[in-house]
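Read through the structures below before going on.
Look at the two complexes coming up: chain A is in both, with chain B in one and chain C in the other.
Then we have the complex of A and B:
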């Protein structure tokens, strides 16, 4: 019997996806929270909106955001924000968590690049959050009595993937910089706060001064939020779709290269200092 | 025939921090390996026997490419561990922990399948191989239970199964029976012996002298980062075959008695380890030349205020080789 498969990397992808999905579905409480949290946040924000603006809330919202549906707009932002947080935090914490379980070093004994393995883990989280996105948004869209076309769903999924994968690069930078100090969760939370504030998940970025808007342009999630609001909630796009997609692709490459650079440097150091297994 | 493993003058230093109050403490350099050299022949079980902190795991990590040596060189299956890490990894299976190294929310079989995929094993081969390994390690009945429900012994056996997934010619087993009940430990030892029959080379670390004596074709005794003796169990024991051993239990003020006993003429080694700290009960092992115990041993014990509980004369074991070479006990450290 032949022992080595020809499509080894494909098997690795299947292995990582199946492991992550099984673990996620076995912690069903976390999954339920993931699916329902965007609705809870939406309810909270809509409530605050009405409390502040009274009967004018809806017209104010439409005038300021270009969207006639606060529920769809905010749920979209919420799903994307939670997805980005999951990818950043999970990728940042991957070294520490796998070290604590004793599985980290074991990956280094297999014939795979560790960076590629961790990026595949991020791909798994991203696909999982796309599923959550599909469930949440389908529910809101159906409740409003409309439907998205298959092409719109496909575009939304592709945009989310293009926004989330680069964040894995950011996660690897955090992982590499913080592992020695064992403070990864604190660092990931700080980065997540910046990403959440500057991506315009819940408000248009135009409310910020120009300099802040320019910084936000460097975040793939900011472009993703804008595109998704355009595709799903009908908010007009200022840049052409293809221009945003090109920008997002360039950012994706940049972030991933940065993640690989920092992680590889840490990896070399860790093999010298014995930090691959420290916990 | 080319050796399966060659280590030449391996040196490894670690930086640690100590004494920090509010922030991190002062840097200190710890020399974990101080010029470790040995060779492992193909098809043999070679044991690294030494107490905790002796450098056994550091040696295994260097040989399995997880750690870079500061000095020295090593080859596994003919491949240099620093220059050809990929080829080394293809040749080895490594079991580093007895009860860690798994995803707790996956079953034993699912954990093995995950690692089989990481090793690029063809799916139908992987399934068959996993079935065979689960049977070999007596885990077939528990294969589909979540690892979080496994006992330490089951996890240890699963660790060995994982190391064997890709059928490597060389195996590194780091303390494979530590923390196991006698039944599980016996099963692990049986599997190790079976692996030798299959022609595999096994490098195992242990601080259990009975295990080393029973399993290993040859043993390197390692202490404080240095190899202090290499040979077959019989060769090592021959070093103390002209000696006798006195093992006694006594209430003592402290463990300094061992140093006093080593100064007695005719005593070639002595070590004390505490058995009951609250009561001050110690176990003392004295290795002496010839058949008759020097009278001064008893005098030294009495003069130091020892209250003897029990005393017996024994044949020397590997532990006595260790005591003779280092003046320390093997199993009661760390």
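Then we have the complex of A and C:
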């Protein structure tokens, strides 16, 4: 019994993972879309780029980004953008969706921390993203006739985790602040659009004014995009890798603390007023 | 009918043009009410627009030399392309998925027991789409000018309005045909997304189809959205059309009317078939 209690958090993680895995594989079409969407976005941008610019498109792209492969550069951005959107939207909507399904209170009957439970959900989305990243990027890299080393894969996986988990904190802030207004998805959509635009998934942030770059520094996804472009697409890094990782870790702690604070505040108030499952 | 008073709802026991007007009125009311019920979405659309514009336009600019990033012709292409995107999206998501949404909400059977014209019933979102398109052009223009510092060219406003209105009807016709197929085959999975990217890439939404290599160019000319994009740029920017404008109008109008007629016929056939097999409300 004691050993089971010690394994509690791990068992919860296994439970959440198996649930998310089941849901993911229940909708095979969505899974296929998740894997192929980065290629569709790449195809669109590259197609328009070539149609607009002609034969000089590739050299212009290289001069502007430092990457000789638009396909790799944009597919990488696409994987990160879709992953960040999934984490933010799913975490933002978690209270509302569970309330609407009538399952929200059930979580409170278990001895688990609700915040930890929602964060484990985002861990599941992050692991799914790492798998999608592995499939998509491996395909493009292999198509170009090279391979990533195990160390590079490990670094990429760690960077993705470090970038996506804090977004769950952001999602919890949205969830807690907007649950009363019912339209959580609209707020998540706004946050998603700005996170996507400011993270530099598809372009180097250096092309923007300094103020925009400073705002972007506060997003873990911006650092992740820069690191991964360096590791996978060979774009030179301006800051040392360890400096970016330290910055990302600090941001991760900050975002998660913020999410925990706002969610716990909402939870306390909802418990007091009996609004936990009100919808 | 309320006892001793006026009828509580407009009677559809009428015929001919009057009946059609009643149905259109009901569709307008329903469409506009549903659209403006979700104010948060309308506001979030406006707030998020500058971010989407940057996210969408910047990656394409990377394929151009830096000195051309403020080229007004290129940026005007992107502005009108961004507006045209809405037409493709409307055809696939608003009109194409209208029946599917009713199925999922469990309201389809109730709509199907009425005697209303199915095409009018399921195209109600065309009215709020027109309102949102008009408002959307204004704020996209404002953000576009603020972000990229370029004036949007509008050489022939009347021509632009005519193309936009026709384009919306083209999207409606396409949506009715696509919606009938969705009605028949139920879950289309990721097909909407795939088709959206195919149309955006193929139909010259962001560049003239004359830039496409030959086999793709011929395919592009077989898709109605190509003519909407080409005519829109012709009237907005005086950019040369791929075919003579009169011919493009003829093709576009033929396509639009043909698609609407085909959509109505397909809806009727699919509904009849599903009623026979008992699969009307299944999803």
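Observations on the model:
One rule holds for everything that comes next: the second predicted complex is superposed on the first by the 273 of 279 C-alpha atoms of A that agree within 3 Å, B and C clash if a C-alpha of one lies under 4 Å from a C-alpha of the other, contacts with A are read in each partner's own complex, and residues count from 1 in each chain.
The rule is short, and it goes like this: a contact is a pair of C-beta atoms (placed from the backbone, for glycine too) under 8 Å apart; a residue touches a chain by one contact, two chains touch by 3 or more.
None of these values were measured; they are calculated from a predicted model.
By the touch criterion defined above, A:154 lies against neither chain B nor chain C after alignment on the C-alpha atoms of chain A. Of the two partner chains, neither chain B nor chain C is touched by A:138.
Considering which of chain B and chain C touches more of chain A, the answer is C. By the touch criterion stated above, A:253 is placed in contact with neither chain B nor chain C.
By the touch criterion defined above, A:64 reaches chain C but does not reach chain B. Applying the stated contact rule after C-alpha superposition, one finds that A:74 touches chain C and leaves chain B untouched.
By the touch criterion stated above, A:218 is placed in contact with neither chain B nor chain C. For chain A in complex with chain C, the touching residues are 28-30, 32-33, 36-37, 40-41, 43-53, 56-57, 60-61, 63-65, 70, 74, 77, 181-183, 185-187, 189-190, 192-194, 196-198, 201-203, 207.
Against chain A, the residues of chain B that register as touching in their complex are 12, 14-15, 58, 61, 64-68, 86, 89-90, 92, 94, 96-97, 100-106, 110, 113-125, 128-129, 146, 162, 166-167.
Against chain B, in their complex, chain A makes its touches with residues 1-5, 8-9, 11-12, 14-15, 18-19, 22-23, 26-27, 101-103, 105-112, 117, 271-274, 276-277. Of all residues in chain C, those touching chain A in their complex are 38, 40-41, 43-44, 47-48, 50-52, 54-55, 58-60, 62-66, 74, 77, 187, 189-190, 193-194, 197, 200-201, 206-207, 211-212.
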